[in-house]
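Please find the structures below.
Here chain A shows up in two complexes: once beside chain B, once beside chain C.
Up next is the complex of A and B:
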């Protein structure tokens, strides 16, 4: 009995720390303009960025805004949200846009450009680094683990 | 009228229409194919450019994350009409195999990778990104491309027929416009032809050839109009003249009809082709018929007196055939009264340009009264001519115009010497002047004269005449002449003187004398007849050798024919008939009864017939068969027609066909021999008949009308042998000449002349005998001319004397030419002889002893 519990405990601890490490190491934050989300779970956020929805509950179209490969956090965003490399994200969007199943995302080279775009376009949702401080709290979406 | 296709507008329109049609057909074929080719080339370029664009969009989206541009390029590509799909193909460098990364619309990879070049046009263009290489493939539907091509060309296919129709209509209108003036002129010409000269010419004028034609036509129309007016005026004038002439003609016609009625005259026309008579009303009255009959010639002939029908028909048909004037007097029986009427018909032929007699037109006149009068006159004339009384007719100046034979005989004058003289010619010193004065006085008072006068003849003979003279006056009572009927009373006067003295004695003497005269005369006549008959028998005797020859020849033929028949018949009965069945015999008899050919004597025709018959036998039996050569020979000898295949087949199909053919052949030979015998018998009979006619006695003689040609011909037949053997005969006697006399006596006349001619030519090198006739001045001269020794001039006037002969050594009796002279005298004919290089006896017949009849 003890050994079973011990194994379970060890697995739990490792995973917990792994999760904690992933999230604890993430230095990213979500922003959205009237998306209807104040907070969103990571899983839900991944589905939103993989174009599960084309419109928000408000009826506004979903506009995905992503960091371009030149952005320093580009790879980090790809791994967190799309769980793949930037090249994989490109192929993902290539196939979607090619078949017309989604509107193409917008890529910007800097967080400021992402923030600027999201703040000006209703329905836009993006991800920027946490180093950006001056963000309208209405734009912030709390990413819940 | 012309059909549309003959009209000039069609002929102008047709070349344009054909040219246009050819151009449009070429364009309709060339333009769409060119369009299709260019469109497809353009489409391929477009697809290639689209592939390049999409490839660029992919490349940009991967390098710059410009997915919006990618979307535009894909949307652009998908927006093309013939778009089928667009796909990104990636190649695995390890396996070198293509795989589909993505396609739009989503399709199975297999469909994309297995190219269907029949249905689609494919284009690929590579792209290259840092982590991703491949190619963009884009496909377009060929069906849609073709649909686009079709839709592109569709207006052409609609437009071209439309253009063609419009152009044809335009050309048609142009052609019609070009030809319209000609059509108008034609219509105007037709109207002018109908006589409508008031028709207006088209107002539209052009300065071309048609315009000039129009002007000329108008001038022509005006000219014709003027001429028509002239003609109308002329016609009116002519119509007036015709009316006047017609009225005159009707009057003349009425007068003519009245004249015809008076003259009992009517006209007729016989239509030869229709064999029909048309009679005028006057003629119908003469015939006693009320309505115009539809009479053929044979119907009309029933009107003619039965005894004259043949002669009438003969002369009528001869006139039609020889196209000569028809003239005939004949008698008819009137239909209504049954009276016999004399009709005189005269007709002329109407002859077509092809020398055919189309009709005979003429008149017929009832001449019954005239005929009766003529007959009366003829009788009176005969009485006057032949009466024993003397008849003298003078004109009103008492100059003699006619005397009868008795006057000539008693006076010794000829008629020519008396005509034109007065009866004073007969007076002389013994004529009683008181009597002549009394006669003259009474005649001046136109009283009948009875007187006795003593006249003197030319040769001084005196004779007493009892005169009965009457004056002749015409219808107006004017004196036209005198007729004197006189009796020779010389004997009476003489007798009167002696009568009283020796009346009784003279009576006895006279009775005795008359008896003796009669007896002597009879004896002389008998002797004369006997001598003449002997002369005939002498002639027959002299030519008996020739007659024997003429009889011997046919008798020889009869003998040979009879012997051959016997031999042939013996052969038939002995062998052939026995071998033939009854059916074969019946067939043979039936065939030979209807086929009587002449028997072959050989020759080219027989060889030719053999070949033809052999060909027929080959055709009938498909080639040679047993005995074909003898059968062929016998078929030809039997003269069986090679076209008569039924008979040939029937004969050949008999088992004993050669026997049947022999039977036919022998029967045909017998038939031919019998024909020869019959001909020979007829020839013999003719010789006998001619001799019989020649030697007929004179006892039953009486005057008849007979044909002179036939009469002389019979004599020539008697001398046939002599003439054929030695003499070159030229016999040409008018066949229309008929003699009224003794046929047998004329035989003697001709036989003596011919016999003398043959005798005269006995020593001549060239023996020519011409017997010809000449007709002139109502005299018919028969000339018998021979080329023999001429008669010496010193005996020419003696040759007709009885018992004068130059052939005493040869048994000449000296009666021949004497008989000739007597016979000629009996026929009112004279006979003359001339002898120089040839000797010519001319027997001249005069009317009424001969006549020339119409055929």
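Up next is the complex of A and C:
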């Protein structure tokens, strides 16, 4: 019985540090245009990107901006936010839009395009690499665990 | 004449500005499927078939208003070209407050999970066919006004209230004052899980089946005289869906009550259950069982009892194309069985795609 507890403990610790490592090493940052968020929990961010809300507290509609499958960090974003593959994210959105329960998101091939769209459209929220420089500080949303 | 020309130019300029300022975002999609079937009942046959082909449009007209249309072309032996088009959905949605919407148009009656989530998109079906209740009991569409709320609170509560043209009506006409009523709610306690229930009511003055029923109109299992009197139609549905990364479960329960002055109350029941297990994202072996029983006192659908067992396998090449293989046994009982096969074994393949 005790050996089972040890195995469970080792597996738990291994996975826990694995999860923490995955998050801590994330090289991504959230950007949004007048979303009302200066910082956001990862759990809450996931809900936003999964269309929990139609509008922000300001009343402006939520516009989701995502990396297309051609984007070099597509896999990383999909794993962090949707906890699935880029194909899984495409499937999720195709199904949701087909139901008529959400407007389709916008997909862009590069961080520059995502940043450009978000900076010009109130209510837009996206996720880009931390390597991108010269971001308007007002657009940055601190992602916390 | 000068005034008219000036007036026209002003309207044109205003229209251009409005259209330019709104920048509508429009998305077009197509869905379709092809099938191969080998049947054995009293004799064997095999054939290929071309399935429904679905053209889908969604457009964001402004910050608050969007449009959705779904247009299907399907085989119909009575057509000169063997195919007929139909408008399956066409509605305008107004997001008036947070997650609350007002919808006007033709919608999928939100009575259960399947009709709300899949309908014509075979790409999304977990199995090859819709549940049998869709062919006999479920009112597939409603044309009217819908109040919709979704993702409310911690449990992601959602509601749908619909008032519209009922089972006997067409897409352009209803010959009485009676409207159908749908009241549905659901919760989504976690990702991939949805639990819901609904109630649908309609009064059929002459027991006719129009374009919204999606059922009973052909009544292929019944060849006797049709009842033409008044009928009350109640439908209660309960859905449980859990599509987690590994395990997939779906149960659709349907309880239908029809009441006539001639034979009184008939109680009809149907249940569909599906279970699948996803392996390495692309492979989903599955089983399904369904049962449907129409009461002998029913004068809308008419007496029937059917069961189906199936095992199958779905291979998802990617999110745009999948192949399903299904072996099934179905059984149908009805007192008017002269033209029907009561037991049938089938092997079916379905290639479903979207783009």
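In the analysis below, the second predicted complex is superposed on the first by the 128 of 145 C-alpha atoms of A that agree within 3 Å, B and C clash if a C-alpha of one lies under 4 Å from a C-alpha of the other, contacts with A are read in each partner's own complex, and residues count from 1 in each chain.
We adopt the following convention: a residue touches a chain if its C-beta (ideal position, glycine included) is under 8 Å from a C-beta of that chain, and two chains touch if they have at least 3 such contacts.
Worth saying up front: this structure is predicted, and the values here are computed from it rather than measured.
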Touched partner set for A:41, first chain B, second chain C, both or neither: neither
First, second, both or neither for A:142, with chain B first and chain C second: neither
When both partners are placed on the shared chain, which of chain B and chain C touches more of chain A: C
First, second, both or neither for A:107, with chain B first and chain C second: first
Partner chain in contact with A:91 - chain B first, chain C second, else both or neither: both
Which of chain B and chain C A:68 touches, first, second, both or neither: first
First (chain B), second (chain C), both or neither touched by A:27: neither
First, second, both or neither for A:53, with chain B first and chain C second: second
Overlap of the chain B and chain C footprints on chain A, listed as residue numbers: 87, 90-91, 94-95, 97-100, 103-104, 106
Residues of chain C that touch chain A when the two form their complex: 25, 27, 29, 56, 58, 60, 63-64, 66, 68, 89, 91, 93, 95, 98-99, 101, 107, 116-117, 121, 123-124, 150-151, 156, 191, 245, 281, 318-320, 354
Chain C partner contacts - residues on chain A that touch it in the complex: 50-55, 60-61, 84-85, 87-88, 90-91, 94-95, 97-101, 103-104, 106, 123
Chain B partner contacts - residues on chain A that touch it in the complex: 66, 68-69, 87, 90-91, 93-95, 97-100, 103-107
Contact set on chain B toward chain A in their complex: 58, 61-62, 64-65, 67-68, 70-71, 74-75, 78, 86, 88, 101-106, 129-132
